[in-house]
Amino acid sequence: MSGQEPEVEAARAASAGTEGPAGGGRPRRCRRRKRNGAAWALVALQALCVVGPVAIIVLWAFTSAWPWPLLFPETFTTRGVEELFGPSQRLGEVLATSVGIALACALLTVVVATMAAAALSRYRFCGRDVARFAVLVPFLIPATVFAMGVQVAFLRAGLSGTVVGVVVCHAIVALPYAALIMVDAMQAAGSRLEDQARLCGAGPVRVWATVTAPTLAPALLSAASMSYILSFSQYFLTLLVGAGKVKTLALVMFPYLSSGDRTIASAYGIVFLAATLAVFLLFEVLLRRQVSREIDYFNG
Amino acid sequence: MVDRLALRRAGRAVAPYLLMAPALVLVAVFLYGVVGGVLQGFGIMPFLGRTDVTFEYWQQVLTRPDLAQSVSFSFYLALASSLWALAGGIVLSAALCAVRQTRLVALVDVQIPLMCAHILVVLFMVSLFSGSGLVPRVLHCLGLVAAPSDFPSIVGDASGWGVLAVYAWKEVPFVAFCTVALMSHVSDRFGEAAATLGASPLRTFFTVTLPLCKGALMKAFLVVFAFAFGAYEVPFLLGPTLPKALPVLAYIEFQNPDIANRSVAMALNGVMALVTTVAAIAYFVVLKREGKGR
Amino acid sequence: MRLDVRGVSLSLGERKRDARKILDDVSFTAPDGAFVSLLGESGAGKSTLLKVVAGILLQDEGSVCFDGRVVDGLPSHKRNLGFVFQDVRLFPHMSVAENVAYPLRMAGVVKRERLARAADLLERVALAGFGDRSPATLSGGQAQRVALARALAGKPAALLLDEPFSGLDESLREDMRSLVLRLHREEGVTCVMVTHDAVEALMMSDVVVALDAGRVVQAGVPQDLYERPATRKIAASFGDCSVLSGEVRGGAFRAAGLALPAPGVRDGAAVAVLRHCGLSLAPADASEAPAFAGASASGVAPVPSDALAIGEATVRCGVFAGESYLARLDVNDETLTVPVAALPKPGSTASVFADPGACFVFSAPK
């Protein structure tokens, strides 16, 4: 028995080494180290899979010549960036439209989904199962089917080619995601604190403002960023409902992908990612400010 | 005075319906679009004054030679990518649980992939795997690939591996996103109990954690399946010319100025809706069963 | 404030089909300034009743009156009540002081004044200086005291307490009880407390309302419930006791070799509740006395003069219970437990003496 121990120790030391600086901060039980080593390796692999392509895109955006089979570009250019910010692309306008639509969609979706989640988690009513299912229907029938089907109706209703029409359609697609997040959170939170607030003399609106919203802030922002992302990255639906008049970033970027101008496509990709990331981090900061104290929700 | 109690009771009875109303309006718009489209497949186009039901377009669609190929290709894409997403998602989620994810890890491993639009992921994969991409260059350096054309093309390959690669990159983190919170809760709560009963970590995972996460995994699987079955842009950009994925086929017909082609497109959409409705029913059964378990 | 609950009934359930009647024609009165306990085992409907009074749940029938005014139409936030839940329910995103000041904030009191009053209240629950802490940093007892301060902050017309002490350690409960009673006295506020602890109800209340399966089975001053319990469950809820089943014939209860007077109980199957404090034991045969007395010189355990010999039973065993020993006697298939001064000899026969005031006989439900 004792003869094996040095080996085990060595293995532990080795796996502790692979944990790297990120894992070093917290004391952990020795028994779990080996398993965590494998887990860290997987997590690191996934991080590489994510960061790698992003890095290549950044490289491509500034590349003018990258002849086969070199591993690194030969010459660099700012052509992509120049063209992107040039007057012909109207990048500012496109960005403003995209971000505006996505923010409006996030707001609309979160409000609608939270109301639905409140009904589904706080009340027992006839048809609740049907309602619960109905909210999730946009998950299950592809948005392409919806987009082609609704095009004529929107055209006749005057919504085709309008920002409002696009926002409504994006909200429909985002609704089930946001509703799932909100239903889970509201079910987990229960109505304990809300009942208590009512008994302290708070009316329904003030219960919402002073207790429900602050305690559900993480879920609300999670639902909002999900809706924002879905709207921001929507292509087909925007194409059909926007009828070419509503130009979002995803729409403007698409032709460069199929035509193969990779420098400009990559430059657009960077702008796309930066814009999403910026709003996501903004949400994160909002969350930090809102939740200055620790809430049970975080601890799980 | 009794009336005021009745009033409060009525208020509580109506409240859930009022709260549901906006969501149901959105879903109604959705269904209106879907049903309207499917009806166009039967030749019903009130906006053109056509109200007669005809099965002509359905017949045309169901008898065209490329339909079976398209349906099975789309089905293959959806099933392969959702199974891969499920398996990868479970592994990633378990790994994230084991390392007690920090904000940064969650951001890089899960949230950034969620943020990237599918078309952006197409760009990623093309930069990596196309003939002039990085991977063939690296393989060339290792002496495995002689020329760009020796590497299987990511665009238009009959196996659709480019499409699958995009979905894998995008949906594995999605499945992890759907399950990681539940999984870490479950493994915290029951993992130690199982461990004290003598189960190894791996057995604990397969006998306790995974079964308890089944509901969430099932949901994520079906969402990915339905999405991959009906999504247009990735198979359009990376898919083969033949067979075409169902949504690509439908949109080509849809774009045709001839109104008859529009009906054909809608009939194709009907086929798509039919397949995903079957998935929807499966989903409902899962929900029901889960509800009973509670 | 005088609180009247008149004929309240309530059924809960997902659908009409599997609806359960939680409250069945419940009526009681809490006089102004009184401390009333709602006593019952879990599932008796006492918490539900409190939620009806608070307006969280809507009754199917009956009404709730504050000072004679029907309040059924008022939603809970307009009833001006203080409510302390068993699970405390402090708002996690507010400081302790903000929690206490919350009802005042809802009442529109300006910030400076409400924080001053919160600090005052915290001092009264012995938590001065805790105002800036987060609720997560409090111990169970501290959190419950904050909840109590918060419930009183809005000068409520009545204070409702739902098992306020059951989440606390035994050592803390006594302190909390006296704190609640002190605040009750100082504020003169009507209190209604839900509890499953009969002794707690006796000690704290002016009026005890006993509930069983959604019905009021007895209401009265604590002495009434203790001395004249209306049901077997109430009789058995005050301290240790033995429950024997037997039969009543002609005003006497019989079970094996035991007989108890049972005036006014109709003939048929019955149960007797014998409180341990009123029971004593003597050897049936004087020659066996040393076996009971053990080492003690005085011999037989003292039998109170007003005790009644109720018959004989066989000693199964004796156990040590700290300040005394307990003799377990076989009565049919049931056990009668009697406190004794020394370990009895198993297998011996003993005479049982009982204080008639500690024995209660009830007709058994069919």
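Remarks
When the chains are written out, they are named A, B and C in that same order, and each has its own residue count from 1.
Criterion: a contact is a pair of C-beta atoms (placed from the backbone, for glycine too) under 8 Å apart; a residue touches a chain by one contact, two chains touch by 3 or more.
Bear in mind that the values here come from a model prediction, so they are computed numbers and not experimental data.
Taking the CA centroid of subunit B as reference, the farthest chain centroid is that of C.
A summary of chain positions shows that the Cα centroid lying nearest the centre of all protein Cα atoms is that of chain A. Rounded to a whole number, the gap between the C-alpha centres of subunit B and subunit C is 57 angstrom. With centres set at the average Cα position, the gap from subunit A to subunit C is 53 Å. For the pair subunit A and subunit B, the distance between mean C-alpha positions equals 15 Å.
Of all residues in subunit B, those that touch two or more other chains are 12.
Within subunit C, the positions touching two or more other chains are listed as 75. Only residues 1-5, 7-9, 12 of subunit B touch subunit C when the two sit together in their complex. Residue ranges of subunit A in contact with subunit C, taken from their complex: 124, 192-193, 195-203, 206-207, 210-211, 214-215, 291-296. For subunit C in complex with subunit A, the touching residues are 14, 54, 56, 75-78, 80-83, 85, 87, 89, 91-93, 102-103, 105-107, 134, 136, 150, 154. Remark: subunit B residues 12-13, 15-17, 19-20, 22-24, 26-27, 29-38, 40, 45, 47, 91-92, 94-102, 105, 108-109, 111-128, 131-132, 134, 136-138, 140-141, 147-148, 169, 172-173, 181, 184-185, 188, 201, 219, 222-223, 226-227, 229-233, 237, 247, 250-251, 254, 265-266, 269, 272-273, 276-277, 279-280, 283-284, 287-288, 291 touch subunit A in the complex. Within the complex formed with subunit B, the subunit C residues making contact are 58-59, 63, 70, 72-73, 75.
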